[in-house]
C-alpha cells in the first residue's frame, strides 16, 4: 500500500473515532435525531396522508422534492450511458452471452417466473402505502424481469416484450408524470407538489394518498425504463 | 420572508427542457438546440426577475408541497443566491448560443443527448444554489456531478480516463458531504439549513459537530478542487470537448464555492465552524498553496487549454481564500470573484475551443499570429487575459483588490504576498501567450470559417469583463454586502 | 476511548467497512476494483445512517393501530427515507462508471492502472 | 439476542467486502459484492429499515450485480490485484 493511501485511511479513522463521543449510544430512544422532525412525521403521517407507511409518506409527500431529484438522477444516468455509448450496435453484433443457444431448463423456469415477478412488482408499487415497497422497488423489479428475459430468452423474443428504443422515452415520461402531478397543485394556486390543492372533491388526506400513488407510478415507469436502457447500452452500446 | 414561485420556476425550466429534448428528438433530432435555448433563456429571465425581487423585498422562499420548513423542503433565495443563479444561467445562455456551432463540429451524432445532459447539469447547479435543505443539496450535488461526468467523457481519447478519475474522487467528495450532514442530523434532528442554524449554537462544545464541519469542508473542497485535492481538475478540463469545458469550468467550481459560503457562513456560522478547530485558517492557507501550485503549474504548460485549467485551480483558490479568511472584505472579494472568474474563464475557454475547431491548434506556438487572423475573438481574449492578471479597470482587478484588503485587515501578511506574487505569475503565463498572439506574423494556413453566432458570445463576454469592473461598486453595495452572513455587511461600512 | 466505543459498537463496525471501501478506492490498481471499493464505501455510509436511526425495542415505521401514533414506538423514519435516495444514487453512479469503463477498455485495451498509463503514453 | 444477530451480519458483511476486493477474478468479485449487498440488506431489515432493505436487495444486490457482470463480459475478467 502506498503512503498517501495509508495516510488517508489513518486520517479517516482518527476523524471518525473522534466523532464517536458526541453520538448517541446504539439504540438510544432519546437520541436528539429521534425527536424534532422525526417525531412529527411519526405522529402525523397517518393523519396527513391516510397512509400507514411513514417512510412512503415521507419520501412521496413531506420530502417529495428529494424523490423528484432522485428520479432525475436515475434519468440522468440513463442519458449519461447513452451519451457515452451511442451509437448502439447494429443487429447481429451483440455479445456472445446474449445470443448463445437458449437453455431449455433455464427458459422454462424463467417463463414460469416472469409473470410472478411482474405481478409481485405491481403489488409492490400499489401496496407501497401499507407495506415496504413503492415506486423504486417495484420499478426495479419490473426492470429486473425484463433483464432476466434479455439474458435467458434471447434477443428477438425479449425485444418483442420490451424494445430497446422504448427505454429512455419511458424514463422521460415517468419523470414527466411525477412532475406533472406536482404541477396540478401548483397550477391551482398551491406550492409545487402540493397534492391537497389538486382540484378534486376529496378530503386533503385522500388527495395526498392519491397524489402519492400517482408519483409512485411515475417513479416506477422512470426507474424501469431507465434501468433497461442502461442495461441495453452497457450490453450492446458503443461498438 | 416572502413567498415566491420564481425559484421553482427556474428549476422547472430545466426539468421540462431536459424531458422535452429527450422526447422531441425521437422524431426531430434538430429540435434539441432550440428547446435547450428556450429553456435556458426562460430560466435566465426568471433569474433576473428573482434578483430584482430579492433586491427590493429581501429573501424569498418556496415551500414545496406546502409543508412548513423543517417538516418539508423549502427553496430559499437571498441576495447572494439570486446573484449566483444569475451568473449560472447567464453563462449558460452565452455558452448555449456558442454550442450549436461547436457541437455540430465536434460530436454531431450525439447532439440531442448532449443538450439534454447540459440541461440536467444546469438543473443540478441551480438546485444547489436555490435549495434550503442540506440533503436536498446533496441530491442536486449528485445530479450535477453525474451530468458533469458524462459531459467530460465526451472529448478526446483520454477524456474517459479523466472522467473516471473525476467520478471516483467526486463521489468520494459527495460521500464525505453526506457523512457530514449525517453527523449534523444526528446532533440536531433536522436537515433544514435555517432550522439547523438556530439549533447548532447550543452544541458548540460537541466534538461531533467539529467532525461534521471538517467532513463537509473536505467534501465540498474536493468538488471545488482546493489543494491538495485539485488533481482531477486539469485532466478533466483539458480532455473534455470545447462546449463541456466552457460550461463546466466557469460555473461548477463556483457553485461549490457558494455552497461552502452557505454552509460555513449561514448554517454553522464562521465563529462556530472555526471554534477549537481552525477550519477557516486551514482553508485559507490550503487555498494559498493552491494558488501557488496552480500558477506555477500553469507556467509550466505548453498546451493552452491545460494552462487555463491549472489557472482555474489558482483562481478558484482565490475564492477559497476569501471564504477561509471569513472577513467581510475578503468575502466580498470572494463573491465578486465568482462573477468575474466565471466571465473571464468562460471567454478564455470559448476562444481556445474556437481556435481548436478552426485551426486544430492547441499549443502556445499554434497561437502565433492568430490575433490578426481573428481580431474580434482575440480582442475579447486579451481583455479576459488582462482581467486574469488583475489589471484595472477589469473586473479581475477589483475582486483581487477586495481580497487583498480583506487579508490585510485580517492581519495575514503572508497571504498578501501570495496574492501579489500569484498576480505576477499569472502575468508571466498570460503575456507569454499574448506576445505570441499579437507580435508574431500571421501564419499562412487555411482556417475553417467561424460563424458569427460563435464569435458573438465571446465578444459579449470580453465586454462584460470590463463592464463588471466598472460597475463593481453597484454589485458590492447593492447585492453582496446586504446579504453577507451574520450581519457582517454592516461591519464593512 | 473504549468506554465511549463499546456502547456505539455498530458505529465502529461501519467505520471499519468504510475503511475497507476507501482502501479499495485508493489502494487498488484495477479500475473495476476501485468501483467495487466505491460501492462498499457508499454502502457503509448508508449503514451509518440506518444505525443512527435504530431504537432498541421499537417497531418498523409503519403505523399500527395497536401502537398508535406514538413516536417512541417506532424506529426513526427520516434516515430510512434519505437512504432510499442514496441507494438509488449509488446505483446510478455505478451504471455511469461501468459505461466509462467500457469506453476506457475500448480506447486503451486495459483496465489496470499501470498498463493504462503505458497505453496513454503511447497513444497520441 | 438481536445485537448478536447484528454483530454476526456485520462480520459476514466485512468478510464479503474483503473477498470482493481481494479475489483476482472480477466475476467472482462482483458476485461477492452482490453477496455483501444482500447481507447489508438483511442488516437494514434487522434494524427496522424494511423499505431500505427491500431497495438494497433489489437495486444493490440485483441490478448492480447484473450491470457489473455485463460490463465485465465486455471488458476483461482478470485483474492484476
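Which chain is which? They are A, B, C and D, in the order written, and residues in each are numbered from 1.
The rule is short, and it goes like this: a residue touches a chain if its C-beta (ideal position, glycine included) is under 8 Å from a C-beta of that chain, and two chains touch if they have at least 3 such contacts.
Owing to the predicted nature of the structure, the values given are computational and were not obtained by experimental measurement.
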item: Higher-contact pair (C-beta pairs counted), B-C versus A-D; value: B-C
item: Cα-centroid distance, chain B relative to chain C, in whole angstrom; value: 28
item: Between chain D and chain A, distance of the C-alpha-averaged centres to the nearest whole Å; value: 19
item: Cα-centroid distance, chain C relative to chain D, in whole angstrom; value: 10
item: Distance from the mean Cα position of chain C to that of chain A, given in whole angstrom; value: 17
item: Chain C residues counted as touching two or more neighbouring chains; value: 9-10, 23, 51-55, 58, 60-62, 78-82, 84-85, 88-89, 91-93, 95-96, 98-103
item: Sites on chain A at which at least two other chains make contact; value: 16, 20-21, 23-24, 31, 33-35, 37-38, 41, 53, 55, 63, 66, 69-70, 73, 76-77, 80, 84, 132, 136, 230, 234
item: In chain B, residues with contacts to at least two other chains; value: 135, 139, 142, 146, 149-150, 153, 160, 185-186, 191
item: Chain-to-chain touches, reported pairwise for every pair that qualifies; value: A-B, A-C, A-D, B-C, C-D
item: Of all residues in chain D, those that touch chain C in their complex; value: 6-7, 10, 13-14, 17-18, 20-21, 26, 29-30, 33, 36-37, 40, 43-44, 47-52, 55-56, 59-60, 63-64, 67-68, 70-72, 74-76, 79-81
item: Complex contact set, residues of chain D against chain A; value: 50-51, 53-55, 58-59, 62-63, 66-67, 70-71, 73-74
item: Residue ranges of chain A touching chain B (in the complex, touch as defined); value: 15-16, 18-24, 31-38, 40-41, 61-66, 69-70, 72-73, 75-77, 79-80, 82-84, 86-87, 168-169, 171-173, 175-176, 179, 183, 185-186, 190-197
item: Footprint of chain D on chain A - complex, ascending; value: 53, 55-56, 95, 97, 124, 132-134, 136-137, 140-141, 143-144, 147, 227, 230-231, 234-235
item: Partner chain B, residues of chain C touching it in the complex; value: 25, 31, 34-35, 38, 41-42, 45, 48-49, 52, 78-79, 82, 85-86, 89, 92-93, 96-97, 100-101, 103-104, 107-108, 116, 120, 123
